[in-house]
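Chain IDs A, B, C, D and E follow the sequence of writing; residue 1 opens each chain.
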Amino acid sequence: MMIKVSGLNVTFGQGTKANHVVRGVDFGIGTGECFGLVGESGCGKSTILGAIAGRVKQWSGEIRINGEAVQQSRRELAQLRQQQIVFQDPFGSLHPRHTIGRVLSEPLEIHGISDRDVRIAKVLDQVGLPQRFRFRYPHQLSGGQRQRVAIARALILDPQILLLDEPTSALDVSIQAEILNLLKDLREERGLTYLLVSHDMAVVTHLCDRIAVMQKGKFVEVTTRAAMIKGDLSHPYTRLLRDGSLGYRPVSSTAAE
Amino acid sequence: MTMIHKNEGLRAWLLSDDFSSPRHARAHKAYVSWLRFSSNPLAFGGLLVVVLLILAASFAPIFATHDPLAQDFAKALQPPSLGNLFGTDELGRDVYSRLVYGARTTLYITILVTVIVGPIGFVVGAAAGYLGGWVDMVLMRITDIFLAFPSLVLALAFSAALGAGIENAVIAIALTIWPPVARLVRAETLTFRKADFVVAAELQGASTARILLRYIVPLCAPSVIIRLTLNMASIILTAAGLGFLGLGAQPPLPEWGAMAAQGRQYLLDAWWLTAVPGIAILVVSLAFNLLGDGLRDVLDPKHA
Amino acid sequence: MQDNRWLWLLEALHKLVTSVAVILTTLFGLLVLTFVIGRMVPADPVLAILGDTFDQAAYDRVYQDLGLDQPLYVQFLHYVQNILHLDFGQSNVTKNEVVDDLARVFPATLELAILAITIGTVLGVPLGIISAVRRGTWIDHLARIVGLMGHSTPIFWLGTMVILIFYAGLGWIPGGGRIDLYNDGLVEGPTGMLILDAMLAREWEVFWSALHHILAPALLLGYAAMAYLSRMSRSFMLEQLNQEYILTARAKGLAQPSIVWKHAFRNIRVQLLTVVTLAFCGLLDGAVLIETVFGWPGLGQYLTAALFYADMNAVLGAVLLIGLISILINLLSDVVYRFVDPRTR
Amino acid sequence: ATPQDQLVIATNMTTMRGVDPHEANQIESIEILANLYDRLVYFEPDNLAEPKPQLATSWEVAEDGKTFTFKIREGVTFHSGNPLTAKDVEWSLHRLVKLGLSPAIDLRQWGFNDQNVETLIRMTDQQTVVIETPEVWNKNLILASLASSGCSIVDRELALSKEQDNDMGRNFMQASDAGSGPFSLRSFRPNDVLMVDANKDYWNGAPAMRRVIMRHMPESSVQRLQLEAGDVDVATRLSSTDLAGFESNGTVNIQKVPGYGFYYIALNQKDDILSRPQVREAFRYLIDYEGLASTVMRYYGVMRQTIIPTGLPGVLDSAPYKLDVEKAKALLAEAGLPDGFTKTCYLPSGTPYFEFAQSLQANAAKAGIKLDLQVGDYLGKFRERSTDIYFARSGERLPDPHSILQSYASNSDNSDGAPLSGLLAWRSAWDVPQDMQQKVFAAARETDSTRRAEIYSSLNEEYLTCSPALVTSFERIDVKAVGKRVSGYTGHPTWVTRWDTVTKA
Amino acid sequence: MLDAPLLSVRNLTVAFPSLQHVLPAVRNVSFDIGREKVGIIGESGSGKSTTGRAIMRLHPAKTQITADRMEFQGRDLLALSERDMRAIRGHRISMILQDPKYSLNPVMSVGEQVAETAILHEKLSRRDARLRAMEMLEKVHIRDPERVMSLYPHEVSGGMGQRIMISMMLIAKPALIIADEPTSALDVSVRQQVLTILDELVTGNDMGLLFISHDLNLVRSFCDRVLIMYAGRVVEELRASELDQARHPYTQGLLEALPSLTEPKDRLAVLRRDPAWAQG
């Protein structure tokens, strides 16, 4: 088990404003596995990801990474290095005033790794960007290229886990395809473990082995890729989501509100 | 021919955004900013006046036609003439030369206040914005208290308490001008502190200091620079106001506000004593405002 | 449902308590600040009270009366206590209680400031909005020039020049003060604002005289406010005009004026209120200078005179009053904000 | 233009501190007090030698030279309607001494104090007051003191009815009138305006002016413009240039009222450098007497390097000092200070101090003395003897050399705690040569006028040569610009200018 | 599918002049819309929204819009005065924007915003307009219109917001509706409801709909016809049901790049762009 989460609860705020966002979630992800999280906006997907990454600190329960329990508050540099995160918005995830070279050398500096030039050259290759992009600024790059840089930044520390928070939802279909292919290739080459969050059933199904469907902070169903493709699903909510993503189908128009 | 070619080559190199080195990237950025700035005639005019001010201040002895302190009762209150470009004051001193030397005082106050206020504003604002929680609470309460006073009134109170004099005026003005800067830095910090690239750095283990210095500060810098430039205009006005009320630079140092105030005694017979320093204040403060506006176009295109 | 109501009430209460706490701490800070300034003064307060002749015994007595032998925090408590009892001490220039002085001079400043902010708002806001709507046209440039000049002109100098030209040269405006001598003292109270009082008393001659006197200083102050307000309303308006809902409004078929005034303006009302508040506080700054120039017997002149003669009680009283007004106005704008903006209700 | 029956005076009221005659001692207050109140005697501005009756119809001095008996005018009433009696006179003078504020010097300097005043000043019947001086003094000095604003007679009944915490009505009289003078206070707004109305029942007949208005107008140019436009009748705070303008076009009358004081530079003798005689003398060579006299000081002073002003006995016209930087340098070298020194010079704000001080500063700089000017209200600091150099001017309550000399040339106890803080010599910590001090008091006791004049004359010469710590340069004058329509407005050297003599065309 | 199209566009070109150069964002676009649902798809920046807005002339004043023909019910839209154009906007042609969070005025109540259109175009009194608005809200299946009318935009959910937007834009019964990604800000489940309502109203009232989207699956199942845009040009026009038989390599590429829920692919095909597509 690369990641083991048990009894995870997350509550934001206190008193009257308390917002119980994740309610008792358990799951495990094996080494080299790709685990998907789907669900509608605000159901708590990013929060779970954040708890594992160390971004969200108000959680209770247990999270183990590579067998090692992690603390809510502080994390060792070595622990941080094991898992890296890729965000949804390629426009917001790169510092607008750092060149790509700087973006990529920052993590190396933080972790005190020396042969920076070599590593940067290598990782640019891996994500399929030309070397001369090192001196460019993010605003000179397209969305897909930026997302590649974000992935490169995550990879440059040689992590074992990539936490992907809707990595393609801001991209066009054609670019999305490139990134999805890249992610697939990287996983195969490096044996990485993925936790992929998305609201796009097709994307999750394309990439993941197992898929958890979330509603209001809870897992309503954990299913497999095959079951998802076949439509062999037990929970009505999962079926609703799957149908919805297949295209337009008139529903009985009694309003929900 | 070759020269031209070389120049063309340089221009092309500067304009190209397919960078070959970090130096190229920086040079390109600077060049493009310069192009954008210099295409704005008003801002350019502002820069010109500011440069002139700096020149006048640094080379005052060369620009001045007289000793700004030399008195001559026989020549008191002479109207502008070729000998005394802007006339003479009640002690027979040459107004033009005093104006030129006054640029030193003005520049001294402006720069000193800015140098004090910039870092304070940065530290307070960034700390409050980034650390949040009670640090933010306390720091913002303090800035609120300072902000509750109109700035000149507060500067007056401080000057009165500290005593007249240029250094005290600097302290008094600095004390009243840092809160808006801190506010601005805090607001900017807040917009960036949750940005994905900051979170990414945090999750990779970057220290707080690193995040503040390498991520947040460079992003706040443009708007702070703009603000500080615009602030310089108000510093000049506040300093002049203090000088006007007799709390700024003390004699014989020529200071424009004090000159205008002193000249008011002679308003009806020697209008130039008031008019000339007043126009100088107006022009320089206008120049800083124009410069700030121009910088905004260059540094912060989203607000243009 | 019942439960919810209680929660709501609790929340409202909590909000109230926190905002009151914020105001109180700010007020407290204000007191600390003025106290500290008062202590920094090099002038000896005992001498200020004793005046020209004194002996050591009298000195010691006053020293103790003032509590200067007590530890600082006790002195501060005294200070706060006195202020809570509206006792700002005696001005040693006017020999009056500072509170009485303030009550006398403040209406003059308030009158000036209110007129000025009205002028500034009535002219500045539309100018800013029009220049935003007609971005890049001559009116936009005009607004920009007006704004920049207003930001760059030393107001005391402008005032002086106005007097030189319009009083000494052309004789269009009076040379200073609030009113012509022969009309002085004809109306007194209830507000202390001459124009208003004259209107209430139907003393039209007094009214015109007061109006004639206030016009130049109010216009000058109003100009400074207008410069600021037009700039701010322009940028607020520009921001709104780029919003998506403006596109919706246009897609509905609304004409430009409706879009600007009905849709966009509604969205900047609250922001405008805040900057008008700020402008008003800024006016008090300008008033300090302009009152000196125009011999306007208001708070500003009182303050500068007090500064000249190191009359610290008066200085602190005036500064505290100005701080207090600023806080109150900000508070008021906050309340109105909550009331006007549905998003904060 | 101003109405025919009103007099409008433009002035600067900033320094005015209330209208209690036993407290206020600024020039503007005193002019007002002179008209709100009456005193026992008065001196006409152009005849300071001979006292005239005011509330006292007659007086006599006993053989011992110490006992003065005053007959009080009958039928005088206060503005409140209360009759004025000897009781009021007695109580007023007691009040002056007991309050012990600045004007108290009018009586205290002759030896009156809290303990003895009740026995020494007393009414003997409803119309008679006896004043007994503790020592023998020249009787003109005593009468001159009684004519000064401090000895104004106040309405005892009214004051006591408004008494709070045994303050003898002090709180009330800050801004209210309890007098019997030709005018009564109508309204007073500090730093704005003060109005008085004619007292129709004045014992000497109702004044011609129905109302007098004093207007706060700190700007010289504004005063000038208003005077030109006829919107004010008298301007009291005009700058030299504005006065020059008037003088050259002759549109108004310019009165140069002598003031019994000097522009002085006080050198603190506690300071090692400033206490060297050569340094003190050097300052006398650093003043540009001629340049200042023709410009800045033209309407503010008359050059005089001694300490007895024009018109008083013992006046001396000799003025040996001139601006001479080289001489000053030589003196400094002699004092062991060839490279000069740096000192702070404190001065009040406004004309002509500021211009004068800047001129001094420039000349001093040439001699190697760096003066930092501090402009503001530093009287307190001077009084504490902690100013290096203090530049100001003095004015006196008595039209007699004694008060000036006492201040400039007597200092019986130069210790920090001495009760002499009113004296300029003490404030500068100047240990005045003993024989000079003795002469000062001998002259005050001298009852023979010629002998007195001789003593003063010799004091004057001595002062000139002893390199004093108080460097005098100009004798003070106060200039008033009076509109042509006004007649009968005559500035008084001790500031008690009366308005009941004023008429307007 | 009546004989005369509602809107007929020929060679529409839209260019935004900037400091340096004039870049046409839409080039030579031609299409007709009848009383049917026409979709426009294409990647980001391909000019979809620009086309939609050009029809209503909603672009900034200095935008250059040219066309050989742009006729709406026989009237030349480009020749109309601004005043006449205003009478068409919201009345004859309406537009639904993507995100109700931003496209509703945050400080006006829902009722006021919906009624405003009715007052403007139907010249109704305030009271009648209110009633109409209430009716309209009911039509978009809002249960308690009275209450919703008094709410402010931040107080309603995304799905409800979009239904309010629809009611506001359809209250004057326009003939043509342009919907610019009307559901892409909504969750899958809500999206279906909103689309159903839109479908009902459009079909029920016999309106034309221009549906802009980048979701191929959605357009395929929702619309009658599809225009595919690339770099400001329409590269292909198809019946929605025949999308799979697209001939243009761009359309084919898009379809292949799409991960599918029902027919899993191991690798997704990557679109290879041919510069010639942009020239066409």
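Definition applied: contacts are C-beta pairs under 8 Å (C-beta built on N, C-alpha and C of every residue); 3 or more make two chains touch, one makes a residue touch a chain.
By chain, UniProt protein names: A = Glutathione import ATP-binding protein GsiA; B, C = ABC transporter permease subunit; E = ATP-binding cassette domain-containing protein.
Remember, it's a predicted structure, so these values are computed and weren't measured experimentally.
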Intersection of the contact lists for chain B and chain E: A, C
Geometric centre: closest chain by C-alpha means: C
Chain whose Cα centroid lies at the greatest distance from that of chain A: D
For chain B paired with chain C, centre-to-centre distance based on mean C-alpha positions, whole Å: 26
Chain B and chain D: spacing of chain centres that average the CA atoms, whole Å: 48
Inter-centroid spacing, chain C versus chain A (mean Cα positions, whole Å): 54
For chain D paired with chain E, centre-to-centre distance based on mean C-alpha positions, whole Å: 90
Touching two or more other chains - residues of chain C: 42, 163, 168, 308, 310
Chain D, residues touching no fewer than two other chains: 219, 221, 225, 349, 376
Junction residues of chain E - those touching two or more other chains: none
Complex contact set, residues of chain C against chain B: 22, 25-26, 29-30, 32-34, 37-38, 40-42, 148-149, 151-154, 156-158, 160-161, 163-164, 168, 235, 281-285, 288-289, 292, 303-304, 307-308, 310, 312, 315-316, 318-319, 322-323, 326-327, 330
Of all residues in chain A, those that touch chain B in their complex: 53-55, 75, 77, 80-81, 84-85, 87, 89, 92-97, 99, 101, 106-107, 110-111, 132, 135-137, 140, 150, 153, 157
Residues on chain D engaged by chain B in the complex (per definition of touch): 219-221, 224-225, 239, 241-242, 244-245, 288, 291-292, 294-296, 349, 351, 354-355, 357-359, 361-362, 365, 372-376
Chain E to chain C touching residues, read off their complex: 56, 58, 86-91, 94-95, 97, 99, 102-109, 116-117, 120-121, 152, 154, 165, 168-169
Chain A-touching residues of chain E, taken from the complex the two chains share: 43-44, 140-143, 157, 159-160, 163, 187-193, 195-197, 199-200, 214, 216-218, 220-222, 253-254, 257-262, 264-265, 267-271
